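Take this structure first; my questions come after.
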Amino acid sequence: MKPKIHRGRRLSTRRKMAIAALSVAPVALLTALPATALADEHTPLGVSDETQFILNTFAFLVWGALVMWMCAGFTMLESGAVRTKNASMICLKNIGIFSIASLAYYFIGYNLMYVDVGDLIGSFEFLYGPSDAELGLIDGAVEHVGDVVGNGYAVMSDWFFQMVFVATAASIVSGAIAERVKMWVFFVFTLLLTAFIYPIVGAWYWGGGWLAEEGFVDFAGSTIVHSTGGWAALAGVLIIGPRLGKFRKDGTVKPTPPSNVLLVTLGVLILWLGWFGFNGGSQLALGSAADAVAMSNILVNTTLAAAAGVLAALAVSRPIMGRMDLFAGLNGALAGLVSITAAPYLTEHWWSIIIGAIGGVICTLAIKGLEKLKIDDVVGAIPAHLVCGIWGTLAASIAGDASFGTQLIGVLAVGGFVFAASLVAWKLLDVIFGLRIEANAERLGQDTAELGIETYPEFVLMPEDFGDDD
Amino acid sequence: MKPKIHRGRRLSTRRKMAIAALSVAPVALLTALPATALADEHTPLGVSDETQFILNTFAFLVWGALVMWMCAGFTMLESGAVRTKNASMICLKNIGIFSIASLAYYFIGYNLMYVDVGDLIGSFEFLYGPSDAELGLIDGAVEHVGDVVGNGYAVMSDWFFQMVFVATAASIVSGAIAERVKMWVFFVFTLLLTAFIYPIVGAWYWGGGWLAEEGFVDFAGSTIVHSTGGWAALAGVLIIGPRLGKFRKDGTVKPTPPSNVLLVTLGVLILWLGWFGFNGGSQLALGSAADAVAMSNILVNTTLAAAAGVLAALAVSRPIMGRMDLFAGLNGALAGLVSITAAPYLTEHWWSIIIGAIGGVICTLAIKGLEKLKIDDVVGAIPAHLVCGIWGTLAASIAGDASFGTQLIGVLAVGGFVFAASLVAWKLLDVIFGLRIEANAERLGQDTAELGIETYPEFVLMPEDFGDDD
Amino acid sequence: MKPKIHRGRRLSTRRKMAIAALSVAPVALLTALPATALADEHTPLGVSDETQFILNTFAFLVWGALVMWMCAGFTMLESGAVRTKNASMICLKNIGIFSIASLAYYFIGYNLMYVDVGDLIGSFEFLYGPSDAELGLIDGAVEHVGDVVGNGYAVMSDWFFQMVFVATAASIVSGAIAERVKMWVFFVFTLLLTAFIYPIVGAWYWGGGWLAEEGFVDFAGSTIVHSTGGWAALAGVLIIGPRLGKFRKDGTVKPTPPSNVLLVTLGVLILWLGWFGFNGGSQLALGSAADAVAMSNILVNTTLAAAAGVLAALAVSRPIMGRMDLFAGLNGALAGLVSITAAPYLTEHWWSIIIGAIGGVICTLAIKGLEKLKIDDVVGAIPAHLVCGIWGTLAASIAGDASFGTQLIGVLAVGGFVFAASLVAWKLLDVIFGLRIEANAERLGQDTAELGIETYPEFVLMPEDFGDDD
C-alpha cells in the first residue's frame, strides 16, 4: 500500500535550485566546516543535522500553513468582487478547489511532479507517504534516525508545502471565469489542472526536469504557479466568452464593481500575509545561518515589492482609469507580489521596489487592455498573475543573474504547454458537458439558480440592470 | 502568591500519551543515543536539551496562537449563520467566551486538569505561574538553567496551549444555542464549563487520570474537546427548546439560512487554518526528528481529512438535502477535521481520507436527523463536533491500534459526565435565572433587545416572517 | 549603493533593553557557561551560536508576519466602524499606510532610528541592506559565517520586524481622523510620521538614545508605538475638528454606530492574534531557554490582559454607557493589550489581569470623556492607544521595577514631541493643502466623492439624517 520513496531524487531538485539561485555553498559544507575549525573557540558554529532537520521541517509546516491561508484570501477577494448573486458560488468553488487539489495532488500530482522525474514527467504511482526510515523511527526503531535526518526534512512536510502551492495555482482560475461557468465542469477542470497540468510543468523545473537543466530561475513560482494559473484562466475565459451584457453593442463596457469592497480588501491582505509563507518557505530550508539570512531577505523583498506595487498602481490609475482607483491599488499589491516571486532573494532591496512598481503599472495597464480586447476577467486574475508572472520571471534576469534567453524559454514553454493543454481541456469539457450555465441562470445568479441559496438572504439588494442588448 | 509547581507530575501526562500513541521511544533516549554513537562521524545527530526546550516551547506558542485564531473562526461562522438581528450578540458572546475561558482556566481550570491529578481530578489551587527555576533563571541565576531545561518546555507555554483548547470547547456551545439564550446566563454556564466540567474530563485523560490509565486514545481531543463542547451544547438545546417558529405546527421546518454566507465561509477557513495548530501542536514537542516527522504527518492528515469531508458532504447533500448544499460542504470540512482529531498521527494517509469522508457523510445525515427530532441547533455544532467527535474517537481503533472497547468507554464516560453535568447546570440556571429571553425579545432580535445595537444599522433588511404559529 | 552597516551599535540597543528589562544575564554567558560545565553529563545544555542565530531570526520573521497581519485588523476594525459611505476610503488609506510606511522606513526611518544613534537621532543615510558578511556568505564565502552569526540575527529580519511596528503606529491615526480628512493630505502626514516622527522617538529609546540611558522601560511599545500613534491622532483630530453634525447645537451627540459590527469584531480578533507577535517578538531573541521562558510569559500576560480588558469594559459599560456595550468590550480588548505592552514580561500573571482590567475601565471612561470634550475620534483610537498607552507605561513602575519618575518623563517627553510635531505638521498641511474635504463631499461620503465607488453597490442603504444643524 505504501509507495516507494525516492528521496535521493527529490533532494536534488527544488532544494538544489534554491541553493543554486542563491549561489550558496551546500549547507552541509557550510555548517560542517566552521564547526570543525572553530570548535575550540567557545563560539561553536554549526547546527547538528538533527536540529537542521527539525528547523527545515518546521519552516515547511509554518510557512505552508500560511500558504493554505491564501485559500481564504482568494475566497474573500473573489466572492467580494463578483455580483452578490454569485458570491456563494465562489465560496463553494474555492473550498472545493482546495479539497480537490489536495486529494489530486495526494493521489497523482506529487508523484508526477517530484518522484523519479526524467526530462518531462515523474512517476504515475498512486499515494504518497513517509519514508520507510520514518516509519521505522516512529515505531521506535531509533537506529533509523540517521536515515531520517539524512533526508534533510520530514518527507510529508515537503508534500504539505508543495500541496498548498498547487491549490494556489487552481484558485487563480476561479476568479477570472466566475459568474458563468458551471460548477461541476469547473471542478473537473480543477482536477485536470491539479493532477496533471500543473505537476507536469512543475516536474520540468522543480522536479528537476529539462527546464531546471537549462538553468531557468523561478524561485517561488512567478511562472510555475502564477502564470500557470493565469494561462489556464485565459484559456477558460476565451472559450467561455464574456458575461452577458458585459460588453455592450455600442462598444461601452458595463461596469461591474465589486459587491463587497471590504472583503476584497481583506482578501488582498490575507494574500499578502500568506505570501510570506509562499516566498519565505520556498527557501526550503532553515538549517543554517545562510538559510536564515536568505529567508529574511526574501520577506523584506516580498513586502517592499507589494508596497511599491500598491503605490505605483494607485499613481497610474488616475491617468489610466480616470480616477484614483482602489481596485487598481489592491491588484497592485498582488502584482508586486507576483512580480517578485521569481527572484525574491535579491540582496539589493531597492530592486524589489522597482520590480514591484513596474508590476503595479503593467497590471493596471493590462486590466484596461483586456477590457479593450473584450476579454472578461472578473477579478483581474490574468493581469495580476499571468502578466506580472511573466514580468517577474524576466525581471529575474535583469535584477539577478538569470539568463534572459533561458527565462524567455521558460516563460514560453510553460505558457505554451499550459495554455494549449487548458484550451483543449476547456474545449472538450464545453463540447461534452457545456461550460456555460443557461442565460436565465446567469441573469438570476448562480447562487439561486444552482445552489438554491442567497449570500445575504435578509439584505435588500438592488435589482441588476442587464439592458436590452445582453 | 505564587503556586507551587509540580512539574514532575505534569510531564507524565499529556506528553506521555502523545508519545505512547505514536509508540515512539522516549525523546531523551532517541536523541542521546545516536549523539553518542555517531559523534565522530561528522554528521552529529542529537539536539541539545536546551535547543529541544526552545523548539518545544516555540511550537506551543506558534501553534497555540493559531488555535486562539479559531476563536475568530467560530465568531465569523456563528455570526454569519444566525439571523442578522442576533449577529452582534454572537460577537459579544464569543469574545466573552474567550475572555471568561482564559481567566477561569488561569484561576481554576488548569490546576484542576493538570496539577496533582489523581484518578479523577487535580488540585483546587488558585493561580498558576512559572516554576521557581524559571523565576530564578529570569532573575539571572544561570545555575537554574538545568532545572528549567529539564522540564522540557517553558511552564507557561503549556498553559497557553492548553488554555486555547478550553476556549475552543466553549465556543462550540454558543453556536448551537444561539438566538434565544440570555447572554449573562450563557456566560455563567461558560464559566462552569471552562472552570470545572472540561477540566475534569481533561484530568481523566490528559491529566493522567483513570481514562489515561485505561489506554484511551484521543490525540488532540475529538472527545475531550469537541464532544465535550457538543454534549454541553446538546444539553442546553434540549433544556431551552427550539427557536420560536422553527418547527411549525404543520410539521414543516422553517428554513433559517445563514444571513451572511461569506462570513460563514471565512469562519470555516479560519478554523481549518487553526486546526493545524490544534492537531499539530498536540504533538507537544518539536525537539527531535521523530517529533518533526510526526508533526508533518499530522498536518497532512488534518488537511486530507478536511478535504475529504468537504467533498463527501457535498456529494451526499444532493440526495439528502435535495440540492448540492454549500453549508453541508462547509460543515463537512469541520466534520472531517473533528473526525481526524483523535488520531491525526496515522501514517497511512489514505485512512485520513476515509475517516474524513465518513465524517462528512454522517455530519450531513445528523443535520437532517436533528431536524427530524425537532432539536434546533442553529449552526450544526452538534453534528460536526459531537457526532463526528464520537466517530473520530472510535475510528482511532479502526485505523489505528486503539482498543475499540476502551474508546467506547471513553466516549460514554466523557459523554455521560459532560451531558449530565451540563443538563444539571442548564436546568439550575433555568430555574434560578431563566435561560430564555422573552418571546418579544426573540422576535425583535437580541441585538436590539439586549444590546441596543444593530449589526448593520445602515443596511435595509427584510422583515422576518414568523407565521401565525410560533 | 549599499549602506554601511553598523551592527555593533544596533546590537546594543533594543536587544540590550529587552535583556535589561528582564534582568537576565547576557545570553552568551547563559548558554556558554552550562555547556562547558555540563558537557560531560550527557544532558548537554547550551545552543550553538548558529542555532541561536537561526532561532532569533525565525522568531523575528514569524512574529513579524503576525504583526503585519495587524494591518488587516486595523482595516477591518476601522472600515466596519465608519459609515458605509466612507468604508472603502478606509480600505484605501490602510493599504496605503502600510505601503508608505514600509518604503519610508526603508529609505529613511530605520537608519534614523537605529543606525549610529547619538542621544537624539540616528543616521540620515538612504537605503538599508544585509551586512557585508551576509552578502559574502550568500555568495558562498563560507568564512564569513562567524561574522554573520556574531550579529545574533539576520540583519534584515530585524528590519522586517521593526518595519511592521511603524506601520502599526501609523494605522492608529487613520481611524481617529476618518470620514473627513483628505486622502492625499493624510498620506503626506503618514510619510512624515513614519519617516521622521516615529523614528526619532524610537531612536531615543529603542535606538539607544537618551531615554534608554535614563532607564525608561517600554518593552514592546505602549508609549513608543501606541501613544505615538495616539498623540498624532489627537493632534489631527483637534486641528480638523469633529465630523459634520456629530455634536449638535443642542448639546447632544449624534450616535454614529459602526456600520458593520461583524467586521469590527473580526478586526479586534485579528489585532489580538497579531499582538502575540507584537509582544512576543519584542523579546527579540529565541536563542536560549531564558528567551523561550520569557516569550511564553509574554504571550500569557498578553492574552490575560486582553481578556480582563474585555470583561472589565463590559462590566463598567452599563453604568457608564447606559447599556452593556459591545464596542466597549471590543475596545476593552485593545485597551488591555495596549496596557500590558509596556511590561508584558511580568512573572506574576495576575498583575496582567489587573493592568488589563484597569485599562478596560479607563478606556471606557475616556471614550465618554472625549465625547464630553467634543473631540470626535471615530473609532476610539485615542482612548485605546493613547490613554491606555500612558497607563501601561506607568503601570510598568507599579507592577514591575521601573521607576515611576522615569516612566513619567518618558511619557511626557514622547508625548510632548510627538504631539507638538504632529500639531505643526497637521497645521502646515491644513494651511497649504487644506486638511478637510468639502462639506458636500463629507455628506455624500468619501467613497463616492473621492474614489468614485461604493462599498456595497448592490445593497440598499438607509439615507443618513444630518439634521438641520450640522
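Residue numbering begins at 1 within each chain, and the chains themselves are lettered A, B and C in the order written.
Please note the rule applied: a residue touches a chain if its C-beta (ideal position, glycine included) is under 8 Å from a C-beta of that chain, and two chains touch if they have at least 3 such contacts.
For clarity, every value in this text was computed on a predicted model and none was experimentally measured.
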Labels of chains that are neighbours to chain A and to chain B: C
Classification of the chain A:chain C interface as same or different, half of numbers criterion: different
Angular offset of chain B relative to chain C [C-alpha, multiple of 5 degrees]: 120
CA centroid of chain A to CA centroid of chain C, Å: 31
Numbers and ranges of chain A residues touching at least 2 other chains: 48, 51, 62, 260, 456, 459-460
Contact set on chain B toward chain A in their complex: 22-25, 29-31, 33-35, 38, 42-48, 51, 55, 59, 62, 66, 83-84, 257-262, 265-266, 268-270, 272-273, 276-277, 280, 286-297, 299-300, 303-304, 306-308, 310-311, 314, 323-327, 329-330, 333, 347-350, 353, 456, 459-462, 464
In the complex with chain A, residue positions of chain C that touch it: 1-2, 32, 36, 48-51, 53-54, 57-58, 60-62, 64-65, 68-69, 71-72, 75-76, 79-80, 87-88, 91-92, 94-96, 98-100, 102-103, 106, 127-130, 134-135, 137-140, 142-143, 145-146, 148-150, 153-157, 159-160, 163, 183, 260, 263, 450-460
